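The block underneath contains the structure these notes are about, expressed in structure tokens.
By written order: A, B and C. Residues from 1 in each chain.
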Amino acid sequence: MTTLHNTSTHSRPIPNPSKSLITKLNMGTGLVVGVIFAFAAYYAFRPNADTAGFYNQQNKALLAAMLFWSVGFLIGIGAFIGPFRWLIGKDLTAEEQLYLAGDGQGVKRYFKYCTDHKVVGIQYLVGVMAMLAVGGGMAMMIRTSLAVPGGHFIGASVYNSLVGMHGITMIVAMIIVATGPFGNYIMPIMIGARDMAFPRLNALSWWVLFTAIPVLCSAWFLGGIPTGWTAYAPLSVQAGPGMNAFVATILIFAVSTAVAGMNVTSTVVAMRAKGMKWNRVPIFVVGATMSVALAIPAFPTFMLAMVQTATDRVFNTGFYDANVGGSGWLYAHLFWIMGHPEVYVILLPGIAILMEIAPVFVRKPLFSYNAAIMGFAGIAGLSVLVWAHHMYISGWTPTLNGPFMVTTEMISVPTGLLFLVMLGTIWRGKPWMKLPMLGLFAVIWNLLIGGITGIYLSDVPADNYLHGSMFVTAHFHYTLMGAALTGAVAGLAYWFPKMTGRMLNEPAGYTAFWFTQIGFQVLFLGMFIAGAEGQPRRVVSFAAMYKYSNMISTGGAYLVGIGFIILLWAVIHSWRKGDIAPQNPWGAKTLEWTVPYPVPLENFDEAPIITSDPYGYGKGN
Amino acid sequence: MSNHDEELTPTPGQRAINLFRRTDVQRALLFTILWTAVFVILGLYFYPKWMPEVMSVDMKSMERIMIGFTIISAPIAGLVLGIATQAITNRHKGDTPPPDGPAVRTNGPIVAVWTVVSGIFCLIAIVWGIVEVNTMANAATTEAGTAVHVQVIGSQWVWSFKYPDQGVESDKLMLPINRPVVFDVISEDVNHSFWPVQLGVKVDANRLQTTVIHTVPTKLGNIDVKCAELCGLYHAYMETSGKVMTTDDFNNWITTNGGHVA
Amino acid sequence: METTTSTTSSSKRLISALVFVVLGVAIVGVVGFTLHTLSADPQKPLYATKSADTIEIDGKSYPKASAVLGVYPDKATAAKYGFTANRHDYVQYGPSTHLVLPAHTYVTITIHAYDSGEHLNNPYFGKVVGTIGGTINVDGVDVNNIPSDNVEHTFTLHGIPSTSQDPLFVNVPLPQVKQDDKGNNIPTNDPGTQGAGHTVTFSFLTGSAGDYVWNCEYPCGDGTYAKFGAAMSAYGYMSGKVTVA
């Protein structure tokens, strides 16, 4: 591969459009305007004396306050200055645009509406780590409560909220865990682009997501959510004021994913370097793009489901109320039409990261690039046709269980191709057991267990027994946490030098790896057993016969918790004081390793020209 | 694959023999066999041990699938883990990248064989599943006449059972042995999921929408009835017990509760 | 970034990591215990009063115990649960929703009920289940059933069947109090002294020690789906625990 680049430090005059409003706006002004908007909306929609007793009036005021908070924050941080200028027939000046990119503004730019894709990537990374930490902490409390039969540690109502808040926090975090930090920071450099296709939308996607976080947290102060993250109706319609926070979170998050998905897809389609034909695109870029492209059709249905939940709660529309002709199955369909593609939205980038890593660490080309593409495309394509396997036992048209079983089990074939690519790449190589590579082996094991248990669950008679049990919980944690999260952490270890300029501390990294992975196996082995024994999921209390399996699970959970705290230490410590990384510590051939740290504002001084794919490793290549 | 270090192109037979002489292939095979054995043992020994007593035809079918699918997938899991384990035994230590490996970019026949074989395994699973589903559906139509009908009512957070033909209502699920039973499940409020654990069946309870499942209890003993769909505050406590009893005991129970034998 | 090696020694790093882990565990622990405290039952358990009497049932002798409950919106002890504020307007079982009953005992519970009502979601819960004789005593009259449109609340005691605890299922419907024009049938404190209530008495046998719950099956969460939200879904008003010790 030939690339033309200039590694000299490039200096630019720091722009200072001091008269422009954009220099005055930041997260602080966003918070102020957001809070003002929230209170104004609550005041405008507040229940009056006649309607004070009606829950739907309370729901209306709360939902309005939450959505207006988001809009207000975005106005306050200056997200709409560009569109507003267009409305009055102007645009930002070149100087202002350069200012928005945050060049030379140091740490401050992370708290501003900054259009530089690298800044957005770091914002996502820190945000995701915070969410995972909070979600993980909630998991520890759930497991503590389930340590012994009887469930005395956390009360039933708070326990149910914990389950739901853990779920939604983790799902949101996992959807962005790879495409957020790496898709924003690394991917544009990987394809030789100077930035994303729509840098202002890129900043928008992050700050919209950011506004969802306080909304979600507010659920705790409004009585929690009793529904779990699936928010099944009509339970969600019955639920108290905390449910409004859930609804508003999803409405806001769906906007963020739509904007981000459109932006990533456009960037990859339109911004690749000269010569980067489709068969020369790094596999991570392919996987991440398929993932966000899959999210584009998936999330609007979730948004719609939530809009209907909101109208049921506020205007008593009865979409999900069978008493007035609605149906809970409508919700289940809308939810799972999003819900099943969504697990592959989470999984694909994680696997793609490992495929990016494997050739570098075994010094062999990626085995069968085409099989990898077919695997990703096959999964993405089939995943929109399988949603009703979540509804085998819902009683909705049992005749269709057969066809949905067929499509679901067919997914094992493209998934098998992903295994083949990973195994073919490491076969006959000498894997260099650095942290990223350990992740690959862990994921092979975890995804295998998650995949095989998925085959049981896809089978109708087995699902008749296992559905809604702890077995399902263990299964999807193997795929989402064991495979997707481990893949993302491997990606963090791999790209850490490029994103922070320092190496991730290895001893701490290895310790964290073994704690989390061993703990993980113990935790979910126990949960598989509890599920096979017949323990339903999401229960605050369970019979004494499940005592041992739950005790094992809780022990494993504590190991995982300690492992992730060690990992967090490793990240924080290495970011501040780690060993300075060379430009290309792993000897990789993708474009991001050709640029220095700190990566200059527009990445490349001279646009790279691509003449081959980045997997030209090995003898005789 | 690059063969330029060999002087003559070997025949396919010789190539196969050469392949199995390679230590990495031998090692991978050995690990494959070991891992396959692990999964077979898991299926044959552990699943039946973990799962509750088989008390109905559906539970039997479920257990068969758990064991069968585990054994079918054992060689695949074995191969995947065998190759991975072999790679780990061949790992590279140190702070510099390992030497270059062979520049194999793909191997058409291997990709084809892998795809076809995984397709066949997938097909076995699909056909097996469809046959089981079909058997269940057929059983439903043939058994309907002699069946005991139980109306299962889920309300937040208690189950109750109505025996319309016998005129009995109960908070416990009592069933006669070896007689088909049809559950008509309904909810008074939010969604629940009716799960008589040892019977291996489950169906959601929906408001104003009766869902139906059926099974044949084949063994005397206690049943745990649970709710498998999060239904609010006391979801965890939405449980009750039940019993599969002899026909005489069942009839006695009906009459002592003011019903009539039907 | 003046050097290419780490700026801290390895022992310092180890200490820093250990401190971080301890701190991390401590933070999660503190948050966990905060939730534990906030989600704990705010009400003091109500212990059944044991008496010296015994009673013989089916040839076995049981000691006796009793407890008195009231159903009314209690301003003094209205439940506070989690992060939700006190709702004085919610009707609740009082003085506590957590009952502690002695094991293997003939327990008699008296409930003073002061609420009105409409009708049950599931008529089954108009039936008396699990009491001695299958009846309850309403203002001196034994009944085994209350029509589903004449129920104000129910006391439905159940739990998780398990090898380690005996099953216990009791369902007691409470008859409605017809409200007068002034709507003053519902007292706000001191049950049994004002308003026109019903006194319902029933007895059942406890088994060996175990944890159970009870909840009301009369849908009184007006304005919510199936009327099972609000007070019905908030712990401590229409639901509680029963500990057999």
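Keep in mind that, in the parts below, a contact is a pair of C-beta atoms (placed from the backbone, for glycine too) under 8 Å apart; a residue touches a chain by one contact, two chains touch by 3 or more.
For clarity, every value in this text was computed on a predicted model and none was experimentally measured.
*Asks:* Which chain has its Cα centroid closest to the overall Cα centroid?
*Replies:* A
*Asks:* Farthest chain from chain B, comparing Cα centres?
*Replies:* C
*Asks:* Approximately how many whole Å separate the CA-defined centres of chain A and chain B?
*Replies:* For chain A versus chain B, the centre distance works out to 29 Å.
*Asks:* Express in whole angstrom the distance between the two chain centres, defined as the mean CA positions of chain A and chain C.
*Replies:* So the centre of chain A lies 40 Å away from the centre of chain C.
*Asks:* Which whole number of Å gives the spacing of the CA centres of chain B and chain C?
*Replies:* Measuring from centre to centre gives 38 Å for this pair.
*Asks:* Can you tell me which residues of chain A touch two or more of the remaining chains?
*Replies:* Touching at least two other chains: 156-157, 226, 234-235, 238, 321, 541-543.
*Asks:* Which residues belonging to chain C are in contact with no fewer than two other chains?
*Replies:* 160-161, 225-226, 228, 233-235
*Asks:* Listing for chain B: what residues touch at least two other chains?
*Replies:* 189-190, 207, 224, 232-234, 236-237, 239, in rising order.
*Asks:* What does chain A use to touch chain C in their complex?
*Replies:* Where chain A meets chain C, its residues are 53-56, 137, 140-141, 144, 149-150, 153-159, 161-162, 220-224, 226, 234-235, 237-240, 321, 501, 505, 508, 541-545, 561-562, 565-566, 568-570, 572-573, 577-580.
*Asks:* Looking at the complex, which residues from chain B come into contact with chain A?
*Replies:* Going through chain B, the ones touching chain A are 2, 4, 24, 47, 50-52, 58-59, 61-62, 65-66, 69-70, 73, 76-77, 80-81, 83-84, 87-88, 90-94, 97-107, 110-111, 114-115, 118-119, 121-122, 125-126, 128-130, 132-134, 136-137, 185, 189-191, 193, 195, 197-198, 200-204, 206-209, 211-213, 224, 226-237, 239.
*Asks:* Contact residues on chain C for chain A in the complex?
*Replies:* 1, 3-8, 13, 16-17, 20-21, 24-25, 27-28, 31-32, 35-36, 38-41, 81-84, 160-165, 211, 221, 223-226, 228-230, 233-235
*Asks:* So in the complex, the part of chain B that touches chain C is made up of which residues?
*Replies:* 153, 155-158, 160, 162, 169, 171-172, 188-190, 207, 222, 224, 232-234, 236-237, 239-241
*Asks:* So in the complex, the part of chain A that touches chain B is made up of which residues?
*Replies:* So the residues of chain A in touch with chain B come to 151, 156-157, 160, 163, 226-228, 230, 232, 234-235, 238, 321-323, 327-329, 360-371, 393-395, 398, 401-402, 405-406, 409-410, 412-413, 416-417, 419-420, 423-424, 426-433, 441, 444-445, 448, 452, 455-456, 458-462, 464-465, 467-469, 529, 532-534, 536-543, 586-587, 615-621.
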